[in-house]
Amino acid sequence: MAISEVTVKDAELLAIDEINAAGGVLGKKIEPVIEDGASDWPTFAEKATKLIAQDRVATVFGGWTSASRKAMLPVFEKRKALLWYPVQYEGLESSPYIFYTGATTNQQIVPGLDYLKEKGKKKLFLVGSDYVFPRTANKIIKAYAAANGMQILGEEYTPLGHTEYSTLVNKVIEAKPDAVFNTLNGDSNVAFFKQLKSAGVTADQMPVMSVSVAEEEVKGIGVDNIAGQLVAWNYYQTTDTPENQKFVAAFKAKYGADKVTSDPMEAGYNAVYLWAEAVKKAGSTDVEAVKKAAAGVTLARPEGQVTIDGDNQHVYKTARIGVVQPDGQIKEVWNSGKPIKPDPYLKTYSWAGGLV
Amino acid sequence: MEGVLNQLPIGLSIGAVLLLIALGLTFTFGQMGVINMAHGEFIMAGAYTAYLLQSVGFLIALPAAFGVAGVMGLVLERLLIRHFYGRPLDTLLLTWGVSLVLQQAARDLFGAPNVQVVSPTWLRGGVGILPYNRLFIMALAVLSVVAIWAYLHRTGQGRRMRAVMQNRRLAATSGINTGRVDQVTFFIGSGLAGIAGVALTLIGPVGPTLGTYYIVDAFLVVVAGGLGQLKGAVLAALGLGLLNSYAEFWSDASLAKVIVFVAIIGFLQLRPQGLFVLRSRALS
Amino acid sequence: MTDESEDVLLAVTGLEVAFDGFKALDGVDLSVGRGELRFLIGPNGAGKTTLIDVVTGLTRPTGGSVRFGDEELVGRREHEIVRLGVGRTFQTSVVFEELTVLENLDLAASFRRPLWSLLRRRRGVSEAVERALETTGLQSLASSRAGVLSHGQRQWLEIGMLIAQEPRLLLLDEPVAGMAQDERARTGELLTQVARDHTVIVVEHDMDFLRRYASMVTVLHEGRVLMEGSVEQVRADPRVQEIYLGRAREEAEDAVR
Amino acid sequence: MTAFQDSTVAAPAEPPARPVPAEPAPARWTRLRGPAVFTAVAVLMLVVAPLALEPFRLGLLAKYLCYAIVALGIGLTWGQGGMLTLGQGVFFGLGGYAMGMYLKLHDAGGDLPDFMVWSGVDHLPALWRPFGNPVFALAMVVVLPVAVALLLGVLVFRQRVRGAYFAILTQALAAALVILLVGQQGLTGGTNGLTNFFDFFGNDVAADGTQRGLYVLVAAVLGVLYLGARQLVRSRFGRLLLAIRDGEDRVRFLGYDPAAVKTVTFAISAGMAGIAGALFVPVVGIISPALLGVVPSLELVVGVAVGGRYALAGAVLGAVVMGYAKTYFSEELPEAWLYLQGALFILVMTLAPKGLTGLAVTLWRSVTRRRAAA
């Protein structure tokens, strides 16, 4: 399992432990079966099939990249089984057999843009890894910019795992944007921030808004390379709710005091609770019954209140913009005030009309 | 316009990185015909050495990484590779197995996430588009090449190495202990990977999969430069660096990689053995 | 084939080869008539093997020409030259160890077939192959893998493969080097037998062998032709004695060792 | 040079049509052994496996057999021809995408395929249009990989680029193709690849019956290609290929152009990989760049090495064993999988360079010898 997938699994196991300690669901303990997708999409599909067909599990929590979800989607739809997908993603999807507990674009990308606009950043440069999420995100960003009098000075993609960013940094510097919107993935972020920093670009002159950099990644990038930069998520380890204090404490107690919590982990942790709540409501683990019961389920979670939208099976989430601190934690500097209704197809945004 | 001009030093600095990662291979691949897929993991070992020694000092990490990666190479040579001489393609698969084991070992030792290596403060800042850390990498590449050249041409051990490189059988019959030369070659070649690893901590991620990002590029440099050819490797690395720099500047990073590949295939049409060849009359 | 010694089969003129500035061949002229058995001698570094390499396309000359019948050989690829009818052996014999003796010979005999027809299974044994088996006396080993043959048997197999190719010109590079006495005799017989109906050029060091089987000899020295003549003429020539014979004995002894 | 033998499955020496005294006819058992084993394996695969395995496991086996078809091609190029190709994923991918494009268009029924919609493509790209025709698409499954292999082969082999150079170039080709596919998201589906298929020539892809049928199809194709490959190996062409592997330069002096022989062989193996890729798509339900990059291509080669590269049956066996091992260990011991995989190559390459089949032959020999001695 790749880096972050492991910690999401850890968070989900913590939730299962907690629920079991409190008596389980419908008087039964939840028994986890763990399979490793090995960061390989077809393997995700294979393992999903195994869990459903052979292990006959009640539901599946997991998936990481968009590609892993797209690979598993037909498996769940054709076998009428349930997947809980815990990662922020590019939207434009609403499978009847998937619950999306991470943010869709209007809960992460759009608030990120709102924040930049509010701060007077009118000229943006888009940097992303070459795959579905960044390309879709950037399409949305361009539509948003066009409608809001913002200017896109450049749009650059690099192959996954790319580590040579001097040319790209040169292009960014030459374009002189007010801010950079960063959808790079994984290790590329390390190289990008290191090389941006050593080129003398600071967060004060040209902030970088990242949507795939969470607490776990900060250390690998090097705190001094990213301190002061912006990120957009729905949850930080520092988010100030009683549920989060409990979550962070429990996670550290179980996995070690040096561990951090992050948005995808929290979304995975939530997913287990949301499912358990829906099962209680339905009185059964039957997929169709759970789906029906899940609509409108509301829980107070570490990120604040979350509610399942029965129409698109996404979750109402509060958007939060944060700044990376010198200690590696992320401090919230802005939030949407209340949970945002998920809108994976951006139907309620007039500027997004031409997108789908 | 300034951007276009900036791509020149950027290209050279990309070339310097390519040269550092490929330099060791020109010896292990070039001299011994060993396709060492674990070369990337020796680079990784160098990077982790810098991570472990960052409280002691960055410059200390250079010789230390040379030693660590060099010894790893030596052990690999003694334990496995020496049974495989004359079977270069088998060494490729063998060392791929080794590289998988080393990656997993790194994951178990240091954890799957990238680790933080703080660049030394004296490398902060820069001249024009080139940060000091890039200049440092270029200087390190130049220094490595000069040191290797001096070693090959000014020391007895180096002369023996060249002799083995040109004609193993003849060297053996003239009383050179080729086994010993192989060990030294592998030690040096792997050690250079370690130095590259330290340099890469300045610009890239330090994690278990570090080596996989660089290994294909490193081999392409050696192929384009010609086996065992120091000047070939230097020219190929700089050429590919510049090509990469401008191709990416005028298109994008994805397309640049494809362009570089097509250029190498085209180049091999003109010079199938790379830039420089050791002439030999033997019927292979 | 009839003996028409006036008819020139191979004509080498002004041939030059340089390796990194070193002139391995420095203006060689040589002509070999149809049906001739020609020996090529000279001390190490004289350019004998280089000459053969140029004729067979392995080495590109820096100047000069090689005419084979009506065809220019310089600039052609190795297999094209073979297809014109020039065959050769190597100093260190190279037979295909994983294939049987029969398969080795069969491959040598089949190169004129179009590629697609090779995709069919071999049925039986062609005449050329049978003749080669017979000439080399390897019938009893036909289905053995070539890897198990002795050094001498390998050389014979190579000569057999050459015969099976049915070339117009055979070039043999030191066919008896490293052979035991009885193997040499057998090779000599084989050679005379082959020379009966082929044009043959033999590079050889071994003076004893030369005395016994050679008729015409060309002496190469430092990349040039020093002289041409019968064995007796060559042996009697003081220049040859000076530059070659003294050293050749040592080398021949080396070779045996 | 060490000697090697065909595996127990892959064929005794060929019987000559016209008996030559020097070539004694093999004993009847030796002559029948190959066909007997082949028939037994065929019955096991085509009759027993579909009845004995549950659909999920049968689907996995079908996947391994797809890899085995690629392995067969690698056995030809590498085992027989000495060309180590680290880019078979490229041809596998071309075949797979050709099939995937057809299925996608068929499912879309005149509309745009789903991924084009979310990639912002508003009309069907010209490149895609002909793939709506099943005959064209199925032809492309073979034509595309063969054409690419012929082109690369001509460029590379004519210039006598070989051995390690060839291996590295094919590896770079795989890397370059992945980047290209990923970068052209609107055309190829990007990293996601093509997925979510519904109909396979009138059958519901997900139905157990279809999957069972697909399994039988894959197994049958593998059997036919195996026989074809075996025929090739035993022909003069096969002997020539072996000769090129052991002495390419010498072969030139036999009057053959090794470049032509190598290019043809490479193209044949590419065609096989293309067919495998096309079958893989309905069996697994996805084709994506992740399946054709450097690592999967290398894994296939390693499978061949483990099974025994010098015997075609070894290549096939190796692919199945590696596929099974990967599934098994990733289910049972996910943490140790990389160690086990790495250790497996190291052990096989060091202790049994001829792979499992080579090992089996050696064991068989020592047993029969002991019996003969007793």
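Each chain carries a letter (A, B, C and D) given by its place in the written order, and its residues are counted from 1.
One rule holds in what follows: a residue touches a chain if its C-beta (ideal position, glycine included) is under 8 Å from a C-beta of that chain, and two chains touch if they have at least 3 such contacts.
Chain identities (UniProt): A = Urea ABC transporter substrate-binding protein; B = Branched-chain amino acid ABC transporter permease; C = ABC transporter ATP-binding protein; D = Urea ABC transporter permease subunit UrtC.
The shown structure was predicted, so the numbers you read here are calculated from the model rather than taken from an experiment.
Colleague: Under the touch criterion given at the top, what is the topological distance in steps from subunit A to subunit B?
Modeller: Steps on the shortest route: 1.
Colleague: Look at all chain centres (mean of CA atoms) and spot the one farthest from the centre of subunit C.
Modeller: It is A.
Colleague: Round to the nearest whole Å and give the separation of the Cα centres of subunit B and subunit C.
Modeller: That pair's centroid distance is 45 Å.
Colleague: Report the inter-chain centroid distance for subunit A and subunit D in whole angstrom, where each centroid is the mean of the CA atoms.
Modeller: The separation of the two C-alpha centroids amounts to 38 Å.
Colleague: Find the geometric centre of each of subunit A and subunit C from their Cα atoms only, then give the gap between the two centres in Å, rounded to an integer.
Modeller: Chain centres of subunit A and subunit C, defined by C-alpha means, are spaced 74 Å apart.
Colleague: By residue number and range, which residues of subunit D touch two or more other chains?
Modeller: Correct list: 179, 182-183, 249-250.
Colleague: Residues touching two or more other chains, restricted to subunit B: which are they?
Modeller: Only 252, 254, 257, 283 qualify.
Colleague: Which subunit A residues reach two or more other chains?
Modeller: Only 1, 130, 157, 159 qualify.
Colleague: Under the stated contact criterion, what part of subunit A meets subunit D in this complex?
Modeller: 1, 34-36, 38, 40-43, 45-46, 49-50, 53-54, 65-67, 70-71, 73-75, 77-79, 90, 92-93, 130-132, 135-136, 139, 157, 159-160, 355-356
Colleague: Spell out the part of subunit B that touches subunit A in their complex, as residue ranges.
Modeller: 2-3, 6-7, 10, 13-14, 17, 112-119, 123-126, 129, 131-134, 202-207, 209, 212-214, 244-245, 248-249, 252-254, 257
Colleague: Under the definition above, what is the set of subunit D residues touching subunit B in their complex?
Modeller: Listed in rising order, the residues are 78, 84, 86, 152, 155-156, 159-161, 163-165, 167-169, 171-173, 175-176, 179-180, 182-183, 249-250, 294, 298, 301-302, 305, 338-339, 341-346, 349-350, 353.
Colleague: Which positions of subunit B touch subunit D when the two form their complex?
Modeller: Interface residues on subunit B, with respect to subunit D: 29, 33, 35, 80, 83-84, 87-90, 92-94, 96-101, 103-104, 216, 219-220, 223, 252, 254-255, 257-258, 261-262, 264-265, 268-269, 272, 283-284.
Colleague: Spell out the part of subunit A that touches subunit B in their complex, as residue ranges.
Modeller: Touch list, subunit A to subunit B: 1-3, 6, 130, 156-159, 161-164, 166-168, 170-171, 173-174, 187, 190-191, 194-195, 198-200, 216-217, 219-224.
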